[in-house]
Amino acid sequence: MAYASGYFKTDYAMELRLIETRWQKVSAAVLVLALGVFPLISPQVAIGIANQVFIAIVGAAALMLLTGYAGQISLGHAGLLAAGALTTGVLFKELGATFWVTLPASAVVGGLLGLVFGLPSLRLKGLYLAITTLALHFVVAFVGGEYETRRGFSTGILISPPAIGGFALQEQQHWYYVLLAIAVAAMLFCINLLRTRTGRALMAIRDHDIVAESLGIPVRRYKLLIFVVSSTMTSVAGCLLAYYRGFVSIEAFSLYLTIDYVAMVIIGGLGSMLGAVLGALFVITFPYVIEGLLRVLPIPAGIANEMFAINYAAFGLVMILFLVFEPLGLVGIWRRVRNYFLLWPYRQTAVGGGGG
Amino acid sequence: MQTVANIAVLVAIYALIGSGYVLIYRVSRVLNLAQGELMMLVAYLLFSLATLFGGHPASALAGAVLLSLLVGLVLYVVLMRRMTGELVIAAVLVTIALGILLRGLMVLVWTGQMARPLEKLGWQNSPLALGHGVALSSVAVTTIFVAIAIYVGLFVFFRYTAWGVRMRAVGENPLLAAQRGIKLHVAYAMAWALATFSGGCAGMLLALDSGLDGTMAIIGLKAFPVVLVGGLDSLRGAIVGALIVASAEVLAIQLIDPLVSDVVPFVVLIAMLAVRPWGLFGTEEDIQRV
Amino acid sequence: MSARGALLRLEQLEVVYQKVVTAIQGVSLEVAEGQIVALLGSNGAGKTTTLRAITGFLGVDDARVTDGRVWFEGRSIENQPPQLVAHQGIAIVPERQKVFETLTVTENLEATVPGAGTTRAEQRRRVERVFEHFPRLHAARRRLAGYLSGGERQMLAIGAALLCTPRLLLVDELSQGLAPRIVENLLERLVELRKELGLTVLLVEQSAHVALQVADHGYILENGRVVLDGTPQRLREHKDVQEFYLGQAGGGERRSYRDVKQYRRSRRWYG
Amino acid sequence: DSYVLGLTGDLTGRDAANSGAVADGIRIYFERVNRTGGINGHKVEVLVRDNQSEPSRAATDAQTFVNNEDLLLMITASLSSTYAPTISESKRKGVPVLFAGGVCPREVFPPKPDPLLFCTSGYAAETDVKFAVDYIQSVQKNATLGLISMAIPISRGSIDQAAEYAKSKGMKVIGHESAPPPTANYTPYATKLKEGGADWVLSWAPWVTQVKTFEALRQLGWKGNFISYGHNVAEEELKRIKDPGFLVFTTNGMFSDGQPVHKDVLATAEGKTKFPITYLNEGWVAAMTLEAALKKAGWPVNRAKLASAMDGLSVDLRGLRGGPITWTKTNHYREQLYYRVYGWDAAGNRIKTLKDWTSREVK
Amino acid sequence: MAEASDDRPLLQLAGVHLHFGGLVVLNGISLDLQRGELLALIGPNGAGKTSVLNCISLLYRPTQGRIVFEGEDLAGLSPHGVARRGIARTFQLGGLFPHLTVLQNLLVGRHAHFSSNVVLDGVFWGRARANEIAQRAAAEEIIEFFELERHRGELVSKLPFGVQKIVGFARALAMEPRLLLLDEPSAGLNREAREDLSRFILRIKHEKGIGMIWVEHDMQMVADLADRIYVMDYGAHIADGEPRQILADPRVVEIYLGSKGN
């Protein structure tokens, strides 16, 4: 292939490649290397944060599919994470089930719940749908809370680390590679889904469902389908979270968790899988960054007490500033920077229209 | 009988909070998730004013009411104005972030401890016997009257000025509304000011009745089902929704199990939306003609 | 141009979308008080963009006027927010999203803010007048505008724009989706209004026949540039206008749509 | 080279008034210790993190703490929802945990406490409610008992136990109300208790639920007695409410007792906390215990050494409580619990003790 | 003109009524369409033309009456079922997916021609991949037919209105229908683009033999191209027949054309 004069595509299969140019290949290799080496050179705390990011990526990708691509706003995300975690907890505690049982079981429970969460979407849209899914979240939380109280696990269920082939997953480093692999797999799955027929159907439904219907897309089935797919992924993330944290407690899945995830997809940039990754990274690391910054500042001892309130308020403030000044999300920034460099120093000028 | 009185009080509280959601939703299609925090903020402002003007309860109250309008206005001008024309969900997230910011600031300024503005005002919340063995605290009775007064005021406002329709127009398509000469920012600012005012009244009354602490913000969330059942853009709906949800809740406490009182409103909500997706009085929002 | 001063004047206007796509460049045009001016151009020429630049509707698409001025009554108004522009007496009938879909037809009209100093009674009378002009709207007055047919929407949008009692009316594709009879009525009405109120109109129109019939002056926009302007008479005699806008074959008689040549590639203007 | 401890507490969340005071108590106590030469010649450094009573934040805090190699012990001062993550992390890295100011988890009680978990806080859900029921019975033989909890697992659970216990003692129990954490209006719950004919109401819940239910009952014109668990705000609240029918039972002596140690706390903490100083006793107790443990562990010290030093520790609380905290291999809570009941003396316009220290054995 | 290879009409509407609450939108519409026939549907605004199309594609359910396509009554189907039977349409108010590119819009149009499922799509292996490639090639033919090459990768929302209309048309054709419903395809197009449009319509008719119902307000185009005109007003049939005869009909001039009826 003649790279010298540019890059040509000679058949349609080439268009389907995710990594096309040599430049992209190089960057991908660098990225892989960086991700692989990271846990070997970083402090425990940083690896722990990275692990949280990976789990969040799975959850955020699921929500991005649903909200960013299929246009169904859901506030039931924490409920679904809880479902996965709780399934894991219950099976572990009651039956002593292993990871290989709890993981698929969580997926199945998530899928079924997805069906339930998806039903309102056949009739409702926008914020109405959002609040209804929120209502379902409360129902899940109520059931979970009842279970924990009735069974006397009111402070939560402790779970032992998963054993994979006799090897107990306990060290942060080990978790790192496992979670990284899972996050990458989840991303690939979503990206593939989106560039094929399913993904286009979802976006069509988001933009105009009646039109989609009359193009031969069974809209209702697709809506339920995406709820099921997204919930399954979310539930799996919940299961991973339970194992990673080593405990399950319904109180850990409050509305705030949902808000975190919604923040991830919006701050990342709706309608972009890269956005889900960036959003997860941002939302998870953000509190640490703020904390770090406040720690570096010379705080007079007198207000040391108020640090936490300041920290909390700062979190809100930065989030507001971010949303106000960059409503397109991190992906927006990324694209702008990239466009700037792609076009620099030119500015594209008018091309006439023409009726076809 | 007592049950009816209890329902009436809860209806008043929910209707007041609900009107805040409705007003803002009506002009901007944004659900203001900081409503609870705003309520709490106004209540704390009342507390501080009461501490300042210990001897003059009336001026403390008037001051708090004015501040509530001002807070709404300022919030709009410095913050929400910038979100016009952005994604609705992003604006909703801004309100969530605003809630976080406010909560942090409130803990900073007023700590998380219980505050009792009533005592600072030097008043007594004496029980009122209403006959038939029914008793309510005087603040609770006041709450009912305040709710009625505010709603009458709002209805009159929307009936005799063209702003009701204009607000909805702005809510649907701000740019087109601007083209038609509607002063967008006036509509938005008005909605925010009124919403914090009515929500703030709820907050102040709750605080006067039973004190004020960090959990008040969450009560704001409990009024969600109310406005959805009634229809997010309808004030009438907010009253009816409040009636339905409050009755369901109180009756659940009274007759079934207090434990379910928390989920009951949401169950009512789901059932309701399955039948009428836009709530009882809401206008249909998703019109797709081809 | 007319001896009277220009109500609206565009001076070397340039609009850039998303900081990269230049949609119009160096567009200058004048609309004198009381005139009807037609703006013609093929699809994508930049007509809508020009109107948006005047009304301040650009921000949503991340577009900006990067060069040139827009003068209205001697004040420069480019990059002003739409509501300010509206308050100076410029009303528009937009190309797409022209009605509030979740409001009823009557509410759509009521939501429109009349010019300063209009009484409620006066406003109501005007609404009635709109209904007189468009009986179909009257029949549909209680229906949500979102359920109207395409033509009914257009009627409603025009009605609402007229309610503002504008000094300058901008219409993006007046005849779009309207039955021939209605178009004819509307044009007559515009001519009338101009006489009555001294209304000034800038008309974007696909159908050059229609536009040139009522206009006092016409501009032709291609590839984001004004390539030709003049009186309707002059435009009608121009060879390219005849070929591309009026659909006339060499001799002046109408070309049939049936006779279109296979794979004809259009000639482009490089004014 | 100082003793490093990590505290995770609810500093800005819904339990801030409690946890914040505990954190302040510990901080102020060790500030003084450090000023006066430290322990075994080494200063004590307490790292503090805020978890807002949210399990996921607590998990993060715990993870940060256990990954800090210098850190010897974690202190938890927030609601029980945060225990599981802390325990889970502590197991992973063998870090001892002290529960201060919250409810003590089951794992510290005899006969077989978790080797890493210890508790100084006053609460002991089950024993608490049993004491209260016994007290009610000692005052009024056949009282009709109403019960109210907050709809969180721990509170509900112990009130359920109170119901069972009261029934076993032959009392008439009229239901168990449970109000969700944020409740706009407590009157419906109060109405139900009143209409049920309760002449005593027992509550073991966060303070809001207790006091707001009581006030709603009074608004309804209810004339009975209300006994509730005495959180650290109790002393202030008794003075505010001034109702002889409102009693609190507590394991912490109130400052109105005027013990020397109370004066000491007042003098030390003056102006160093935004909380009323009467809130600090839980934190003080925890800090006194920690001081003793560190002293015993000596220097150099590691996590395991500290944990084993804590086994078999006995700390005299000098009147902050009715008796010492004693930890043994079989009990990481304490051997004896001491309760007191306080109420309002309308005539004297002051807090009065209705029942002096009564000990209960912890089994 | 109608090349009826099969004497059965392609589409048959019999006494179709449509009511919304008290509002009568269609009041007994009956019409037949032959294979390869180009039927223009005209009438004043709000006459119910779009509603007729909506009834055929089942976006509206007729209150009464039968719609038969190739001998099959459509009543039992869902809108996507109708699309799969071979009825495609364009939309008066755009109806494109603005956040997708032109190519993606066309591929959405080919949705029914794929044979893959979610899991396969997610893994992107085997059938899913082969499908993608095959459908991409098919879409490319359509792009060529409509001369949309230069816009292939552009987001639809950024295209001028005229091009969008063409894309909408192309998307309908991508469905490989046997019946095409066109709702004012020429609205917003300039003369030149209308000529292109005419060319496409004629080619489709002659090369593919697809039957078309065409709602239009441009009477010149109708006069030049249509095989037959069907006029309606207030949801009812007014007249139908040869273009020349209909356009001269005084009733049609009165309600629809106005003084300048040509």
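Note that the chains take the letters A, B, C, D and E in the order they are written out, and that residue 1 is the start of every chain.
Heads up, the rule we're going with is that a contact is a pair of C-beta atoms (placed from the backbone, for glycine too) under 8 Å apart; a residue touches a chain by one contact, two chains touch by 3 or more.
Bear in mind that the values here come from a model prediction, so they are computed numbers and not experimental data.
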Response to the item:
Joint neighbours (chain B and chain E) are A, C
Worksheet item: Which one of the chains is farthest from chain A, going by Cα centres?
Response: C
Discussion item. Centre to centre, using CA atoms, which chain is the farthest one from chain E?
Written reply: D
Item to complete: Determine the centre-to-centre distance between chain C and chain D, using the mean Cα coordinates as centres, and give it in whole Å.
Response: 74
Worksheet item: Once you find the CA centre of chain A and the CA centre of chain E, what distance in Å lies between them?
Response: 41
Response to the item:
So chain D residues touching two or more other chains come to 12, 274
Worksheet, complete the sentence: Listed in rising order, chain B residues that touch 2 or more other chains are 103-104, 107, 259, 262, 285, 288-290
Worksheet item: Using the touch rule from the top of the page, what residues of chain E touch 2 or more other chains?
Response: 50, 59, 91-93, 95, 160, 162-163, 189-190, 192-194, 196
Practice prompt. Can you check the complex and tell me which residues of chain E touch chain B?
Written response: 50, 54, 59, 91-93, 95, 183
Item to complete: Could you please specify the touching residues of chain B with respect to chain E in the complex?
Response: 289-290
Worksheet, complete the sentence: Within the complex, chain A is touched by chain E residues 57-59, 78-80, 82-84, 88-89, 91, 95-100, 104, 107-109, 111-112, 114, 116, 118, 121-124, 128-129, 131-133, 135-137, 140, 146-148, 150, 160, 162-163, 166, 171, 175, 189-190, 192-194, 196-197, 200
Discussion item. Going by the contact rule set out above, which residues of chain B touch chain A in the complex?
Written reply: 29, 31, 79, 82-83, 86-90, 92-94, 96-105, 107-108, 221, 224-225, 228, 232, 259-260, 262-263, 266-267, 269-270, 273-274, 277-279, 285-286, 288, 290
Worksheet item: In their shared complex, at which residues does chain D touch chain A?
Response: 11-12, 24, 48, 50, 52, 54-56, 59-60, 63-64, 67, 80-81, 83-85, 87-89, 91-92, 105-106, 152-154, 156-157, 273-274
